[in-house]
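So that you can tell them apart, the chains are marked A, B, C and D in the order they are listed, and the count of residues begins at 1 in each.
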Amino acid sequence: LVDYQQILAEIEAEVQPLLGKGRVADYIPPLAEVDPGRFGMAVRLVDGTDFCVGEADNAFSIQSVSKAFRLAAAARTHGEAIWKRVGREPSGTSFNSLIQLEEEKGIPRNPMINAGALVVMDALLEGGRPDPGMEFIEKCLGGQPVDWDRFVASAECETAHRNRALAHLIKSFGNLTGHPDEVVEAHCRESAVTLSCRDLCRAAMFMATAGVTEEGVRVCSARQVKRLNAVLLISGVYDEAGDYAYRVGLPAKSGVGGGVLAVMPGVFTACVWSPGLNQKGNSLAGTKALELLTTKSGVSVF
Amino acid sequence: LVDYQQILAEIEAEVQPLLGKGRVADYIPPLAEVDPGRFGMAVRLVDGTDFCVGEADNAFSIQSVSKAFRLAAAARTHGEAIWKRVGREPSGTSFNSLIQLEEEKGIPRNPMINAGALVVMDALLEGGRPDPGMEFIEKCLGGQPVDWDRFVASAECETAHRNRALAHLIKSFGNLTGHPDEVVEAHCRESAVTLSCRDLCRAAMFMATAGVTEEGVRVCSARQVKRLNAVLLISGVYDEAGDYAYRVGLPAKSGVGGGVLAVMPGVFTACVWSPGLNQKGNSLAGTKALELLTTKSGVSVF
Amino acid sequence: LVDYQQILAEIEAEVQPLLGKGRVADYIPPLAEVDPGRFGMAVRLVDGTDFCVGEADNAFSIQSVSKAFRLAAAARTHGEAIWKRVGREPSGTSFNSLIQLEEEKGIPRNPMINAGALVVMDALLEGGRPDPGMEFIEKCLGGQPVDWDRFVASAECETAHRNRALAHLIKSFGNLTGHPDEVVEAHCRESAVTLSCRDLCRAAMFMATAGVTEEGVRVCSARQVKRLNAVLLISGVYDEAGDYAYRVGLPAKSGVGGGVLAVMPGVFTACVWSPGLNQKGNSLAGTKALELLTTKSGVSVF
Amino acid sequence: LVDYQQILAEIEAEVQPLLGKGRVADYIPPLAEVDPGRFGMAVRLVDGTDFCVGEADNAFSIQSVSKAFRLAAAARTHGEAIWKRVGREPSGTSFNSLIQLEEEKGIPRNPMINAGALVVMDALLEGGRPDPGMEFIEKCLGGQPVDWDRFVASAECETAHRNRALAHLIKSFGNLTGHPDEVVEAHCRESAVTLSCRDLCRAAMFMATAGVTEEGVRVCSARQVKRLNAVLLISGVYDEAGDYAYRVGLPAKSGVGGGVLAVMPGVFTACVWSPGLNQKGNSLAGTKALELLTTKSGVSVF
């Protein structure tokens, strides 16, 4: 039997040398002020038991981790049709690149890069609700309301020239229904949602249970979840997919706030937070922590 | 002695099979309605003599031909400093590509592609005048006011998602002072200026006279004009520079309205208009007409 | 309990409309003559039980399926050091592209594209044996000798200008020890190995058993196998990785001969063969067959 | 009247601070040993008068300067048909890039990059003579034999992995008739031709005289020469075409041996040699010298 509490304790000890290393996301001023040396981690089994270490209850800016929920929400409402507007191949280049978008005529490579996430947001906004991704997260949490940081959202929106460039470019190819500004603003709000490692593990539980929340509500079909996990493994950690698969071996989604959510289907969800980022934009200590989790537990999808 | 009137008559006859071929620029609705079979051409010697054929006095939408004047205006006000913000190498790819812009960190490859023209416009707007490029054209015409087509400008602005994408991307790299929307709008107004072949030849005369207008006003130094002509030869006809140099052998600037302005330093300016475009976005009959002009006259820079 | 024999029978029926569709690899003349309508499939559980349908015992040209064994062999001999010479990120573009190789200074993106496979072969050849990958396959088969098709190898070598270009380019970056011609020739021989679906399932069994052959010989460590499977999932099917993960959900390696090998760690190996290829160069019917296998069995890594 | 001898004297004085700066081509060992501080320059008027300064009579390795003669030779024998096999647009990227070659299906962007020069050599070799480009240079010199440096040619051939890669890649696209090795070897021999600035000015005189050598032999038509000069201006100095046009304003061809040949049609040929190269691979002092020549003389094509 795997002793997750013991493993988490070992992980916390072993990542100490990495804490404070890496860079925080400096393009969003409020995030630039977070101490890169902080660390928290949670693992939650499919039976609802959870194990925590460090600041696992500290709410942080989930940033791109929201894209996993956003895609799940779109799978619910749009089904396979969403794939007419966004691809599902790995990006291969920097996460906010316009190059592929142009070469591929406005169809973003996958829903986890910014361009693709904007298209998915645009699709969700067709439903007429202002923050559809946020509502989906609340549903996954059994109705618990989630909050977003106005300061972070506003700071991100002000400097979102590149996201606006992406949205206008997608619009120029006819792949955006809404106004670029509105889509970008909704994107910034949702990215600014704050949740703790422990809560993210709970919200993501449907990804490990073939679609059912802890409250027993089916939010996705088993097939949709299988496919969501496949998309995460291929594209959830920017252009570090290969290294993550190799070292960690779990579907995962990271954010520039330093959070990483990972899923072992049928077994657990895991979430780690440490704001110092590596060169690919993924949490430096968080990546190591997940590698240690699968190495020590012997549990991975491979 | 070269008989330009005879040459123009022969050119008009020889381009007949090409008239109506090619495509008009369909992304700007008012331009899409122009009959692609129209044709006009003018040659103006440095002594002020001009020779015309066809609809040489019909005012058309000069579109990107304005970029040549815009750069000359910036050379006046900013001198060599403008080259810190824009390059002068050939683009090699499609004229509105974002790819190079991203790879080269927001420094557009040259001032004749849209990205570069937006940067030059941004520099000119620092002077506080609403339409600085237009004012420069008026100065080149000895003070004759120029007009712009509100309908065309407005149509272009409405669909200018790609130009907005470019402006936001440049802004994200810190290479735009103004607001992306304002720069794009000024760009659209100036592109919508209407002038005839005969008038464009006159306005561009300073490019053939080392910087002096027909009224004797120096608008650029000899060195600036030499360099403007070099930039035009390298980048004035989108990614058809090599073919133009090979077939025509003159510095030239084309626009999607079907106009092409060419310069033989010390000898003449020439302007041709025919709205049907080839695959590179240059006037199909206009390109052939210029090739015939240099072949028949034996006059080219090479 | 999953009835694999029943599932295979259903699969064979359901892929009938796809047989004969797709194109055979026409750049290797002997392969171009194979009937694209042929089909065989095998599934082998980790207890040694196997299930077959169609021409599961027909030996075909394994082509790039050999790259999975080649990498495993290099993991044995070179350990983690192999990753100094080859990356493990998805390729994102066509499988024999020189572009990434040049941009990334002679370090191929991953060991499953041709450039990477040539580097791995070069590393294996350092051991002084003429066909080290083939020897490894024999070891995986409990010592059973494997054969290669001289006609196919010779035909491939004659037209291998692109592979020679890759090898010379890698050499120019200092990442090839041997002579380009010798590395390419060894590559062509190994690609020309012929095996049946049933035998490939048996040879690959160590990938499902954490490194141990059916004869009980450990050929790789558990960690190496986990990592090999990660590499296959990320890069085993050229630039169709995302679609494979989404639809099939298993690590897999395909070849232009029409074979595809897939692994469900701890459960089974599967192999399908049908020579008609889709646009990405993967077996058309084979891809569908694997999708049906995971859908019908409910077994995948996600 | 322009006093070229005085201008050359001024140039020699003004480039002194640049001598010894820059890097010599280190990938060809014998060239790596040349003192980067050497300098020579010649200007030859179309009436045969020449002006020299520094080591204008020192024979150096002409390297890629040979490509200008090679293209002229192919224009003679193949006429316009050569353009079916090679383009004439600027390259935009590094001079030996495989990227464009792959994207453009084996048709090199222009005859001045290595890929294009190999295709032109392949075309010339169809005539059955071992060194057709060298023979053309001899013809341009009125029959004076030219020599090539065996040591340089052999050193270049040994390390020519990238050129071999190019040749194999072109072959894979069906755009090479000969064997890649033979084409590369002929290329290396011709690149190793040694000539002085004074002799290169004489050999290139046909480029300034619409096709006639000093001995009165027509080696190209006027139209071919006009077009050759256009190709040189667009692509003769690797990816520094725009800067050269802007600063120098003459068609020119450079080589990594430090030579640069320039042409002012109807007026003069000029040649400068200084082995220290700038970052684009063009002679650092040589480029400055040519800029000073056109600035001081007021003579350029623009």
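One rule holds in what follows: a residue touches a chain if its C-beta (ideal position, glycine included) is under 8 Å from a C-beta of that chain, and two chains touch if they have at least 3 such contacts.
The model shown is predicted, which means the values in this text are computed figures rather than measured ones.
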item: Distance between chain centroids, defined by C-alpha means - chain A, chain C (Å); value: 32
item: Separation of chain B from chain C, taking each centre as the mean of its C-alpha atoms, in whole Å; value: 55
item: Rounded Å distance, chain A centre to chain B centre (Cα mean); value: 47
item: Numbers and ranges of chain B residues touching at least 2 other chains; value: none
item: Chain-level touch network, classified as line, ring, star, complete or other; value: ring
item: In contact (per the touch rule at the top): chain pairs; value: A-B, A-C, B-D, C-D
item: Residue numbers on chain A that touch chain B, as the complex places them; value: 97-99, 102-103, 159, 161-162, 164-169, 171-172, 180
item: Complex contacts: residues of chain A adjacent to chain C; value: 87-93, 109-110, 223, 225-227, 229-231, 233-235, 239-243, 245-246, 249, 251, 265, 295, 300-302
